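Shared chain: subunit A. Partners: subunit B in the first complex, subunit C in the second.
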Partner chain A sequence: MSRGTLIYAAQRLVLISVTAVVVSSLVFIGIHQLPGNALASERRLNPATEQALLHHYNLDLPWPQQYVLWIQGLLHGNLGESLVNMGTQITPLLLRETTVSVTLGLAAVCVTVFVGMTLGTIAAIRQNTWVDYAASTAAVVGYSVPSFVWAFLLILLTVAPFYNWTGGTFYEDIGWGKPEQIPVPALALGLPYAAIVARLTRASMLEVIRQDYVRTAWAKGLKARIVILRHALRNALIPVISILGPLITGIITGSVVIETLFGIPGLGKEFVTSILDRDYNIVIGVFTFYAALVGLANLAVDLIYPVLDPRIRY
Partner chain B sequence: MAALPQSLESSQEQLLEQDIADHVTLGQDAWRRLRRNRLAVIGLVIISVFIVSALISFVWTPYPTWRQALGPTYQGPTLAHPLGLDDYGRDILSRVMGGAAIALSVGVGASAIASFIGILLGLLAGFYRGKVDLVISTLINVSYGIPDLLIALVLVLLIGRGVGNIILAIAVTAWLGMARLVRGQTLSIREKEFVEAARTIGTPNAMILLRHILPNALGPIVVQATYLVPAAIIFEAFLSLLGMGIPPPAPSWGRMASEGYKALELAPHIVLMPCAALSLTVLAFNWVGDGLRDAIDPRMKR
Partner chain C sequence: MSSGTVHAVDGISFDIDRGEIVGVVGESGSGKTMTALSLLRLVPEPGKISGRILFGEQDVLQMADDEIREFRGNEVAMIFQDPMTSLNPVLRVGFQVEEAMDAHRRFTRQQSRERVVPMLQRVRIPAAKERVKDFPHQFSGGMRQRAMIAMGVSNEPSLLIADEPTTALDVTVQASIIELLRDISRELRAAVILITHNMALVASLCNRVIVMYAGRIVEEGPTRAIFKNPQHPYTWSLLRSMPRVDEVAKERLISIKGVPPDLAKPPAGCKFHPRCRFRIDKCFTEEPPLGEVDPGQLARCWVLMKNIQDPESEAMR
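Then we have the complex of A and B:
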């Protein structure tokens, strides 16, 4: 990595931190405009306990003062304490859940890129044949079927049949913690976006395949595999990489739903649970983490460019 | 030799006739191309079917969408209940019809509001540039950094879960793409000669924006607005699946799927019927969107 790249990455990291702070501040202020307080719920507390609890969470202070305290905590990496499970520190909790979400997200990105590129490349090589039409139709259909529908279909198609075929020895219960539980949610999450990647790869491959240097490669008598994979695909990938940023944001959105459906203990499930429980401290914390994650993912994508195309430098 | 000029002349006449016949407005021209696109036509038919069943559901459904215990719970498709019964013994066909009304109103409503916000902000940013553009573009770029589902969930938490509120929450997260598109279009159109001419004769800015710039950007706007409808429908299903959608007993497709999920292996039809309706609607809108894109600007054709 050159010095320029490092400086660029450092600048971006600063920008990402600023965005994360701004975004979570907006959410903090928005939530503190809600009437009542976070502890007001069905269960009645006696006034002294309630006062003590409010004091414990600094909720008895006016919100600008709470905000200053919260920002101070944030700058020290401390996102506070859960409102529902008293004593649970949010930062370590979310860090643990982030590793789960990132694992699932990376698996989904692999599905997206691999399936999408393969389909797109095959469609481009066999342009205007039935293979091409089938792949293009599959792409629109794949994109129109939302991730949770893929999830239902995949569960129906894999879980019970596997159980029956193996005579009950292989039962993949949905959940998290075992490696064999990763593929189904990752496929559900990745397939709708694979369709977009396939479309883009096809369009960009069609352009590259007609270039002079590809004809030269054929003329030299190189093997088809080398021409397609090393000469054509590598250049065709550059426009495809540019869509990876928005795509990762989409996968993160989808992961909120998929994690909830599959009971995967990641950030998305935590977000939904905390919203339903009105655990505002965790809601704000998850926002901070997501803003940082999206920023980092986009940075990672931008750092792939110079690897693929040495002409691009920062 | 004598035949040649004659045939030339006749072919010229033919050309002239064709020219006159071809004298159609931009919209008619696009419509003609759209009609020739098989997938787009199929999409339009599917959408019409759903619109009609949604309209019918307002006055009549085979059974009331909320009536429980119509037969054995989890019963698969039968003659009396073509799509089967759900876990409370409600008729799924009736609920899918009611769900179509919800999905379409959320989709079209959110798309309309998001388009309005996006067009307005995009026009302002692209036309006035400078500080206005800076503020709007910053807003767009910061919002792109947050997954929209999270914003929508917090908004629903803040403003409540009625149909109108859900539409609003979706629209507030969906206008970004439209604003970006319109801003780009405006930036390029505002430099065209006819805009300069309009400005020279003292046309007020509002008039330039509405009469000269907006109509010229309408093609891509219509395409984008079409794509926004299925996106909003999926979004509503997401919210319902997470328990933050339109409250029961309204038969939203996402809610039906999430309620049936616990019995997925036992009675897959409860989940599959609303999911099929949802996917089919989204697919139809995407086909129409693709068709419109190719019809309005054939150069964009992939």
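Then we have the complex of A and C:
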């Protein structure tokens, strides 16, 4: 990695941190404008206990003061304590859940990239044959079906049999962490985006295989596999990479639905649970993590460019 | 969209010896490039090649995929018109040369790797040792064409086809590329087909000339003879349409009226007759054969320029 790239990455990291702070501030301010307080939904509390609790969470202070305290914590990497489960520190909790979500997200990106590029490439080199039409039809279907529908279909196809064998829900009961649990939700999360990648790869490939340098590669007497993979696909991927940024964002936010459906203990599930529980501290924390994740994912995509295309330098 | 069959190239046949440079000239669309691409079976979709394409004893159309692959770049190598787009932008120049050798069995992996720098030096790329790691965008147009030539000759092919190798380059660079092509064909004793519409280039470089029109050879012969005594009206007009430095401007330049025929609807008889100033009735109905007009010189014409008393004034009418 060149010096320029490192400097560029460092600048981007600073920007990502700023974004995360801004996002969390907006959420913090927004959430404190809601009527009532965090304990409003709890069963009726003894006023003294309630006062003690409010004091424990600094909720008895005016909100600008709370904000200052909270920002101070954030800058030290401390997102505070869960309102519902007293004593649970949010930062380590979210970090743990982020690893789960990132694992799932990466698996989904692999599904997207692998399935999408394979289908797109095959469709392009077999243009206007039944293979092309089948791949294109599959792509339209894949794209039109939202990921939660895929999730239900896949659950019916794969998880439901497991449910009967294990006598319980597949994910929650046996816990998360086994590699064999990853593929099904990753498929559900990645397939709709794989369809987009397939269509883009096909279009890009069709353009590239007509380029002069591909003709040069054939004229040199290279094997078809080398011409397609080394000479055509590598160039065709450059425009495809540019949609990977928004696409990863989609996958990250899509994980909210998928994790909830599959009962995967990740950031997405926490997002839903914390809102339902009105655990405001966690809600803000999750937003902050999401903001950082989206930023980092886009940075990672931008760092792929110079690897694929030597003409791009930061 | 209308569809139809276009016979871009029809019945082309010529001989070429090792060490010889043959120029193929003709207007755009006369089938020069198609002839070359057919020989490598690289005619772009939806183009079709039918009949036979013989290279020596081998029929290129009968070859299995493996055979044609071994043939391309090994027996016959090709250099394309635009060096800016003919090299893969994401692969290092040295690698692209090495890969050309690796694709064939002439050299071992080790030999291919060791030959890259000498090949680049041979095509006179300065500081070849350092530049072997460069990407194409770090090369100038002339250097890229040199790299293309290095790639083309790396397997010591018996035939090298250069398709307008200097058209996309600066005039100053053109001369050095042409010089390089001539020297390298001598060193390797390779036959070279130079496709061009630059008559001056042909005059200075080629031993023999083939003139193409509407997918056919209309005249063929030693360069001197063709330039001195062109027999086909098309060749004659081509030569009269360019100014010459070595002759006092005693003659007016003559243009060829009209455009090349639409090959989906070729004219009957001689394909050149609609634009010909010397046509006779027979030209409208019967296509002339490619006949010998002088030893070694062939022309496809019923009239022949030598039978015309004063072509200049005839053409000016």
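Simple rule for what comes next: the second predicted complex is superposed on the first by the 296 of 314 C-alpha atoms of A that agree within 3 Å, B and C clash if a C-alpha of one lies under 4 Å from a C-alpha of the other, contacts with A are read in each partner's own complex, and residues count from 1 in each chain.
Throughout what follows, a contact is a pair of C-beta atoms (placed from the backbone, for glycine too) under 8 Å apart; a residue touches a chain by one contact, two chains touch by 3 or more.
Just so we're clear, the structure is a prediction, and the values are computed from it rather than from any experiment.
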Practice task
Superpose on subunit A as described above, then tell me if subunit B and subunit C fit or clash.
Solution key: fit
Exercise for the section: Could you say whether A:Leu308 touches subunit B, subunit C, both of them, or neither, answering first, second, both or neither? Expected result: second
Problem - Contacts of A:Arg230 with subunit B and subunit C, given as first, second, both or neither - result: second
Exercise for the section: Could you say whether A:Ala48 touches subunit B, subunit C, both of them, or neither, answering first, second, both or neither? Expected result: neither
Problem - First, second, both or neither for A:Thr216, with subunit B first and subunit C second - result: second
Exercise for the section: Can you pull out the angle centred on subunit A between the C-alpha centres of subunit B and subunit C, to the nearest 10°? Expected result: 80
Practice task
Examine A:Leu34 and indicate which partner it touches, taking first as subunit B and second as subunit C; both and neither are also allowed.
Solution key: first
Handout entry: Partner contacting more residues of subunit A (subunit B vs subunit C)
Key = B
Practice task
Tell me which partner A:Val14 touches in the superposition: subunit B (first), subunit C (second), both or neither.
Solution key: neither
Practice task
Once the two complexes are aligned on their shared chain, state how close subunit B comes to subunit C by Cα atoms, in whole Å.
Solution key: 15
Problem - Contact set on subunit A toward subunit B in their complex - result: 19, 22-23, 27, 30-31, 33-34, 140-141, 143-146, 148-149, 152, 155-156, 159-160, 199, 203, 246, 249, 252-253, 256-257, 260-261, 271-272, 275-276, 278, 283, 286-287, 290-291, 294-295
Exercise for the section: Mind listing the subunit A positions that touch subunit C in their complex? Expected result: 210-213, 215-224, 226, 230-231, 234-235, 238, 308-311
Handout entry: subunit B to subunit A touching residues, read off their complex
Key = 39, 142, 144-150, 153-154, 157-158, 230, 234, 237-238, 241-244, 257, 261, 264-265, 268, 271-272, 275, 278-279, 282-283, 286-287, 290, 302
Completion exercise
Touching subunit A in the complex, subunit C uses residues 40, 42, 44, 65, 69-74, 77-78, 80, 82, 85-91, 99-100, 103-104, 135, 137, 148, 151
